[in-house]
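My questions all concern the structure below.
Order as written gives the chain letters A, B, C and D; numbering starts at 1 within each chain.
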Amino acid sequence: MTLLKVDDLSKEFGGVHAIEDLSFVIEPGTIHAIIGPNGAGKTTLFNLITGVYTPSAGEVYLDDRPVTGKAPFELARAGMSRTFQNLQVCLNMSALDNVMLGRHMHLKPGFVSGLLRLPGVVRRDREARQMCAGLMDFVGLGNHIHAAADSLPYGALKRLEIARALAAEPRLLLLDEPAAGLNSAETREIDAVIQKVAERGVTVVLVEHDMKLVMGISDHVLVLDYGRKLAEGRPQDIRANPDVIAAYLGTAHAFA
Amino acid sequence: MRRRLMRALGMIALALGMVIVGRGPLYAADGSIRIGSFLAVTGPASFLGDPELKTLQMYIELINTDGGVNGRQLELIHYDSQANPKNAVGFVKRLIDQDEVDIIIGGSASGETLAVMPLVDKAEVPFISLAGSIKIIDPVQKWVFKTPHTDRMACQKIFEHMQGEGIQRIGMISGTGGFGKSMQGQCQEVAGDYGIEILADETYGPKDTDMTAQLTKIKGTEGIQAVLNPGFGQGPAIVTKNFRQLGFEVPMYQSHGVASKKYIELAGEAAEGVRLPAAALLVADKLPDTDRQKPVVVAYKQAFEDRHGAGSVSTFGGHAYDALFMAVEAMQRCQCSDAAGVRDELEKTAGFMGTAGEVTMSPEDHLGLGLSAFRMLEVKGGDWALLD
Amino acid sequence: MLAELVQFLFAGLTAGAIYALVGLGFGLIYNASHVINFAQGEFVMLGGMTTVFAAAAGLPLAAAVAVAILVTVAAGLALEMVAVPTRNASVVTLIIITIGASISYRGAAQAFFDKQFHTLPSFSGEDPIDFLGAAILPQTLWVLGITVLIVIALQLFFHRTLLGKAVLATSHNRLAARLVGINVQLVLLLSFGLSAALGAIAGVLITPITSTNFEVGIMLGLKGFCAAILGGLGSGVGAVVGGLLVGLIEAFGAGYISSEYKDAMAFGIILLVLFFMPSGLFGKRTTERV
Amino acid sequence: MLKVLASPRGGGLLVLIVLIALLPLGFQNNFHYDVAIRVGFNAIVVVGLNLLIGYAGQISLGHAGFLALGAYASAILTGSHDWPPVLAMLTGAVGVGLLAFVVARPVLRLKGHYLAMATLGMGMIIAIVLNTESQLTGGPDGMSVWVSFGVAGLEANTPRQWYWLVGALLVVWVWLALNLIDSPFGRALKAVHGSEVAAEVVGVDTTSVKVTVFVVSAVVASLVGSLSAHYISFISPQEASFFHSIELVIMAVLGGMASIYGSLVGAAILTVLPQVLTAFEDFEHLVFGLVMMAVMIFMPKGIVPSLGLWLAGRARRPGGEAAP
């Protein structure tokens, strides 16, 4: 059984193909990287998989069941979670509440039970609070637990998104450029976090420009160029692939 | 931050400056007779409330300089209801409970009057309304009186005139404000009594800017012999202009809702030949000297226009004049200002000559005006002229 | 039948042209500052009322109009200086500030002018012109003609002049505009001033037809907002098309269906359009970037 | 004990209860009761509206329409059909809830100013229908509501009785609202404001959250409409007017977006201010407008949150949470 299967997926924006006839498979329990030059369609692909965009053609399968066109929250409830390249943090809430939001679907968040503050709600909320504080610690935000989200620096917000995604206890975690904008020390920390997540049995798909990070932790790499698949395989094979090198030589990125 | 503080402080200073310009309420010495008032001084009926308030202010000042009533000064306590019934209810509670007024004059529009009627009834305070609807005095409520002719009477007066002219089929275009809508309903009810058929029945919003569409529809209706426009504010002036623009060849009838010179000013030449029922006030100078109403209306017109400019008089302000003097005369007759005494005396008003006509009240009639108090007028040469 | 149709058409176009001018005013300010200015209708009122009072004070009509435009522009600039620099203000807060401004302008007009209705003489008489059997007032042609001229002038300003291009650039990206050396503060003042001037002109144009008082701005502002939204916020073409559409729906609705429900029909159609085109007819369709 | 007082749910609520209990000591006449009752009615509506506008970030310029529908349902059902007031009120609320549910989905897909336009249009259509269908509604002149409000033999007739009824309802509703915003649902509500897509990808059905809060705020408005119709004994289409909708939004924003207590402060100020400003006579509206602008410029987040931040700043406590 495959966890995620993308079949002949296409997305057009006003006649421009952002993704074209793309097919690939993601096996459970791997760290899977998607790389490609800017504008290759990586983020669009994430948006298609997580239901933020509806594909123009093709199908997405989760656990071999078609999920194309389902709303993001339905996919989240089916076990998918993600972070964003352009930060999507609720700046009107505290940092911890942002992570607590990730627990939402596990908390039986009824309107009436919330209105009456039933004992079950209070208890589950308290447990969730502890768990989420633990998660913040896990991603390295241990000393920001009581901060307001809008007081955190950029790098912390990136990690806050990861903590939030983890709070949802996904089976499939999609990380959109988790290391972008971070310095090398912070990147190493993120690297460690991702590996620890994967060790817990969560399948990770990441879009990343930092080749050192990608090649270091990925089991499998997919290369996109102009919305199409350029190559796919183990990191060492990708590194040697002449098409990939040709595509990348045109850009400023260099292989480490 | 500093700049924002400066701006905010500037604004507060400006607001406070207004306190000095707009003086606070003048609380007269104890022992004054307190006249409470709520009028639509702003809002959609402001051209009613504005002259009404000016009239009350002017005459209360005059009465006070002449020594007041029964040796006591009058004190006016006024609130702007904006013609919103909810505001009116709040202000009347304030007038009754906080200001403890002796009598209430007010309610420029029918909606706000109807809204406060249960309150004055319960509090047993005499109340003279300045609004048009027949519902205010029919059925009669013990504490409620009113001075203007009812909309039903206006319909009757107009239809009576039409009958005399041999008009049987008319088109109607009414404003959707309280006044227009209420009169539209009354006219529909009484039209049959005069053998008049309403073939086209159109409406327009109180703030509409163009009524040619509705009038075109009326013009396209077969057999229309006249057009009637119940409404007030700038609407009737636009209707009148559009009416001329479309080249109607039948006469136009307006209601007493346009009974001020302002209407002629706004509609301009288009108003020529328009007919309407109104109080004699509008033609004060043209009344024969034998007319018993003449001295009253001439005096009011002069006093108001001396203070607020030539051509500024309207029958609306006249309603307030009538209410004030009816109340003052009642107080003088009974030498009292207590609620029950004044009320009883108001009900006994007989032969009071006001701007609207001669008023004789009774326990069954809290208006006391006959159809004859209305005159049919026509616009001629940019001024009102008596038709009959 | 044709005469009727043409009559409705001109009724709709006249009202629609005024809505369009007010709608354009909304768009100008929105583009430059992302503020929805609910005091836009008050500019129309100030234009009409100031002209009336300046003329009554003895000025010739042309001079009175000039004074009115100046007064209204001053009111617009004052609003810019007060409202726009408010930092950390959410969209709703800014809306409330402009509503406060509209109440203030109305209150000032009521206190310093008066509460009566006033009118102005038509620019070229009141004799209707016969056109395909319909009777058209000369003032209607003035309204339509000047609206067309203003739309053309705005197009030229925005696409042919450096200053106009600077305004456009600021509307697209204020920070980038600042970086390339555009005086953003000037652009903001210009937009508010221009928008106020548009309102004042609309007020002068329509006063001979509808008359004016201190409260006429409320409904015109609301209809202008409808025009701007229906057309798509920030789109000049949109505001014009939106304004004309609202005017035409009202006129044809009143003429052919029900005069009581003509306004409801206009609102109903705007709702329907928004359900299928959430950014209005000509609004930028943005895909969420995440 | 101290802990209870320090928490907004415990302390604030306690202060509110004490305030409501002690206020009548300062009342000299029924007019004072009347103003307090109006403040209470407005506060209940505005707390509901603030859940929608302040917490979920969805503006509505049409809620007066829902309020008026509730009022008219009560007036018509108790007046012409002799229904018991409570049954009429609940029927109105269910009807308004259904209407709100039907329009919520298409309307709440819109954002920002487009949402403002759509809700405004919806409110205007309601107002026009109430104004036009005079056979049923009495038209622009409005209609009287003769029946006293009461349940099971207990009737509210005097201002005093109304005061305690409205006060009790306000306390209960504030308690419920505070509970709600502190629950997972409340977190989802705030997240819809903060980032809809972020909420979606962790499993929040944002559409359903928005629809729920829209319906709830509409139902609360409808209930208050019914109650105030019985209290004032009169209703007119102006209840549904654009101005009334705007007035409610101003209360919410002036008092403080996303602040339950702010809603109370906003409702109190906007209800009392016009009564105070009558002293300015002709300058009343000008002063009102200037005061409104000054408050929003000086305190763009609204009175209660701004004062809260200011106090927090003075106490030099870092990372002060916004008052709920």
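Observations
Everything below uses one rule, namely that a residue touches a chain if its C-beta (ideal position, glycine included) is under 8 Å from a C-beta of that chain, and two chains touch if they have at least 3 such contacts.
The structure presented is a predicted model; accordingly, all values stated were derived computationally and were not measured.
The set of chains in contact with chain B as well as chain D comprises C. Of all the chains shown, the one with its CA centroid nearest the global CA centroid is D.
Of all chains, the one whose CA centroid is most distant from that of chain A is B. One simple way to say how far apart two chains are is to compare their mean CA positions; for chain A and chain C this gives 47 Å. Centre-to-centre separation of chain A and chain B, using mean CA positions: 71 Å. For the pair chain A and chain D, the distance between mean C-alpha positions equals 40 Å. Averaging C-alpha coordinates per chain places the centre of chain C 32 Å away from that of chain D. Counting only residues that touch two or more partner chains, chain D has 132, 197, 282-287, 290-291, 293, 297. Multi-chain contact residues of chain A, defined as those touching 2 or more other chains: 52, 84, 88.
Chain B has residues 4, 7, 11, 22, 42, 176 in contact with two or more other chains. On the side of chain A, the complex with chain D involves touching residues 50-52, 71-73, 75-77, 80-82, 84, 88-94, 97-98, 100-105, 107-111, 113-117, 121, 124-125, 146-149, 151, 161, 164-165, 167-168.
Interface residues of chain D, counted against chain A in their complex, comprise 176, 179-180, 182-188, 190-191, 193-195, 197-207, 212, 216, 258, 319, 321-322.
Contacts from chain D toward chain B in the complex involve residues 28-32, 34-35, 38, 131-132, 134, 139-142, 144, 232-236, 238-239, 275, 278-287, 290-291, 293-295, 297-298.
Remark: chain C residues 36, 82-83, 86-93, 95-97, 99-108, 110-111, 222, 225-226, 229-230, 233, 260-261, 263-264, 267-268, 270-271, 274-275, 278-280, 288, 290 touch chain D in the complex.
Considering their complex, residues 3-4, 7, 11, 22, 41-44, 46-47, 50, 176, 202-205, 207, 209-210, 212-214, 216-217, 220, 233-234, 237-238, 241, 244-247, 262, 265-266, 268-270 of chain B touch chain C.
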